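In the two complexes that follow, chain A is the common piece, with chain B as its partner first and chain C second.
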Partner chain A sequence: MKITDEVRISDNGFVFNSKTGDSFNVNPTGLELTKLIAQGHDFDTIKSLFLEKYELDDLTFEKDFYEFCALIKYHQITTTEDPLDFK
Partner chain B sequence: MDKLKYEKPTISKINAGMPSKFGLPVKQKVISEIDGIKVSSLMEQYGSPLFVISEKTIREVHAEAKRAFETRYPKVQFAWSYKTNYLDAVCSIYHDEGSWAEVVSGFEFEKALSNGVNGSQILFNGPDKSEADLIMAIENNACIHIDHFDELYLLIETSRKLQKKARVAIRVNLDAGIYPIWDRFGFNYENGDAWNAINRIMLAESLEMIGLHTHIGTYIMAQSAYAIAASKLANLYMAIHRKFDYWLKYIDLGGGFASKNTLKGAYMPGSETCPSFDEYAEAISNALISSEIPHENLPVLFLETGRALIDDAGYLLTTVIANKRLNDGRRSMVIDAGVNLLFTSFWYNLGVYPTRELGHAEESTIYGPLCMNIDVVRDAIVFPQVKTGEQLVIERVGAYNITQSMQFITYRPNVVLIDMEGKTHIIRKKESLETFKNSELNPKRN
Partner chain C sequence: MSKLKLTIAVTGLNNTDNPGPGVPVIRSLKASPEFDLRIIGLVYETLEPGIYMEGLCDKIFQIPYPSTGSDELIDRVEEIHRREPIDVLIPNFDAELFSFMKNEDRLLRSGIHTFLPTLKQFQERDKDKLPEYGEKYGIKVPASLNLGSQNQISEIKEKFEYPVMVKGKFYDAYMAYNQEQVKQAFNKISSKWGLPVIIQEFVKGTEVNVIALGDGQGNTIAAVPMRKQYITDKGKAWGGITLSDDKMLEITRSLIRKTMWKGGMELELIKTVKGEYYLIEINPRIPAWVYLAVGAGQNIPEALVKLALGQEVAPMETYAFGKMFVRYSYDIIVDLEKFETIAMNGEI
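What follows is the complex of A and B.
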């Protein structure tokens, strides 16, 4: 999963997709996740970073992470290069 | 180093050029307690889902309605509409407040008698009155509101057999300037059916005509319709006096006052748009007082208000079972109370609220627990993110939901009353397998 080339993310949580013309607001944790995904980190790395930083259990993070990924995919913010790549 | 507080990651699309019709988003309403009792402790004690009825609200709303009418009209009598909520504990509160009983079946009639209502203070409506029901009504001196000619003739026959006069009124249907006209019940005013029925009754020795009744519809948002209905009944009232030199005892304007719930498709919330008791009372009282009826012969005004009296007093407490994303990214959640408990969810956008302040809200669909596609409690409600196990409150469910709730797939829950002292009482027990075993028979096993 990678962030689409046309997507720009500002530091205050504003996301713009020039391909679709859509813009979005993400909350601080959403912004952090988006940036970590953009940097190419995989799920396990992001999970350990979050568990270290926040009062959070691994199952809650996993549920929220995949829900967030499904949403940004739906909004065409991310693409999956290999459709069978389910890391 | 202390860890930071976690907030669920969210993303929301910015819709430029689509201003909210209500302007800026309002603060999320929270219902954390009912009559001073925490929702969480109610659910801990009585389970989830759970119907809760507030006696305080019942009495306060009843007092408000009574004040609205009694300050405008000299003789007013409320009759509690049993079908709206016929739990004995609820009916007893209304009777304690001075309400008579308005029933629409033999079952409800028996219930009213068992609640200690004097038979002469029961108004017997409805299109289905068997001979046995009529015998019970005549013997108890009830006010029988005749619905159709077949019932009229059955009543003449039955009262002759019993050699006892039946006290009757007729149900009149009429054009009150609203759509749809409820013409399936009673005798029509405009085409002369009602006048024919009155003449037949006045000539029947075994019947005593004591009143006129109409019920123009339900959730009537125009108080002017009641003014029209009251004027037309006042005309009949005077016509009877002119022809028979006889004064009826009452005019009954039925029920139908809107509650503060919001109808599906309504532009504004019901709490903003529905007439108040004062507005209904003003319209009805003015119409009767300014009619031809002399002041000394004004009839008693009967009101069979149900929905508007009890909707606010009922709550359904429920728990979130799951959160889901639908295939188009929309958020949805599953709660443990379905449409089988919430009959009114088919026509109202019921108010669903969290029990504490929660974060980011987005448009959501709320499904019930039934394995049925129609089990949608709310669609397109802006609702905060919730975790499984979060407790929610659905408000204004006091009318019709308990009486029309259907046993389906799961057991129906406890119904709890919070009394005036803030004590809780189970007023209907949760169903169990025993509930069904007690009434089922299996010929293969016996």
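What follows is the complex of A and C.
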């Protein structure tokens, strides 16, 4: 999964897709996730970073992460070559 | 560098909720550092807001509607030209373009330059000929059916799934979910714009637009893609944002190359969720959101004037994406004398 080249992420959580003209606000957790994805970290790395930083169990992280990924993919923030691949 | 002294006549000063491009075209021209301008506003109605905007036009003249006859219109423009010599004329209404194109040579002989599409370019992109246009130039268009009478409405269900778009030859578009709604739209449109009324397949997606300028030799001088962010009940953009979409630029450049398009244009496209683009309309003139392109780095009216004067203009390749425009309404207080002058004398 990769953040598309046309997407600009501001530090205040404003995400703008210059290809579609859409803009979104993400909360601090969403921003952190988006930035980690943008930096090219894989699922396992992001998971361990989150589990280390927050009081969170594996399952909740996975559920929320996939939900978030599906959402940003729907809004064309990310692209994946394999539609089932969220990692 | 000394500025080029020019007198430019512009129509379409009706900055209403369905705005003509005249006011933004003038604003764009005034933004050019290369011109020293005298602006002549040409208006059809006495309440076109551009008449009353301070500092916009140096002189305003009323002109007759093209429906009264092309000759009357051109005679009046020439009469104005004798008093206020016009270097370049920029018409901005679809309905008047035909008259000005037809009389392009006559105007030029008088010394009035224009930069308009050819009659062939203008006519082949008519809404009722869109399927043939799409096929000829290799661009996806929605399926359509031209209705010459109400009796043909029953044919729709054999060829399309509802909803469908019901469109006028020049203006107006309604979405219809059933035969009854098509009838209503048909009556509204045909009484205003005549026949045929066009039934167009409804393509689900996001409407996106490109403003462009072709030099008539196949080169794209300017092109800026935009998405409407805020749309009025008339379907007009009240806010929009420039996009970085290479595919839209590619479609535009290919179309201008193949058609050898001359002049300003606006492509109206639908982008589907699959990322396909359908051409739904070509407006053969500069659209009312032209100032967004200027704000993004491409002064299309300035380039059009230079082309009209036979100057070479290098293609503008870059623009800023993520630039937005937001329109607003504003009340101008007008003294009765001003209204009286334009209403009684046809000029001010």
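The rule is short, and it goes like this: the second predicted complex is superposed on the first by the 80 of 87 C-alpha atoms of A that agree within 3 Å, B and C clash if a C-alpha of one lies under 4 Å from a C-alpha of the other, contacts with A are read in each partner's own complex, and residues count from 1 in each chain.
Note that a contact is a pair of C-beta atoms (placed from the backbone, for glycine too) under 8 Å apart; a residue touches a chain by one contact, two chains touch by 3 or more.
Since this is a predicted model, take the numbers as computed values, not measurements.
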Specify the outcome, clash or fit, for chain B and chain C once both structures are aligned onto chain A. fit
Examine A:R8 and indicate which partner it touches, taking first as chain B and second as chain C; both and neither are also allowed. second
Specify the partner with more touching residues on chain A, choosing between chain B and chain C. B
With chain A as the corner point, what is the angle to chain B and chain C based on their C-alpha centres after superposing, as a multiple of 10 degrees? 80
Looking at the overlay, what does A:I72 touch: chain B (first), chain C (second), both, or neither? first
Let me test your reading of the model: by the given contact rule, A:N27 touches which partner, first (chain B), second (chain C), both or neither? first
Have a look at where A:K47 lands relative to chain B and chain C in the superposition and call it first, second, both or neither. neither
Is A:K35 in contact with chain B, with chain C, with both, or with neither (first, second, both, neither)? neither
Partner chain(s) touched by A:K19 [first = chain B, second = chain C, both, neither]: second
Could you grab the smallest C-alpha gap between chain B and chain C in the overlay, to the nearest Å? 5
Please report the chain A residues shared by its interface with chain B and its interface with chain C. none
Contacts from chain A onto chain C in the complex sit at residues 6, 8, 16, 18-21
Which stretch or stretches of chain B touch chain A in the complex? 3-14, 16, 323, 325, 328-329, 360, 387
Complex interface listing, chain A residues touching chain B: 15, 22-30, 32-34, 50, 52-56, 60, 64-65, 67-68, 70-72, 74-75, 77
Within the complex, which stretch of chain C touches chain A? 206, 208, 226-227, 229, 241, 243-245, 321-322
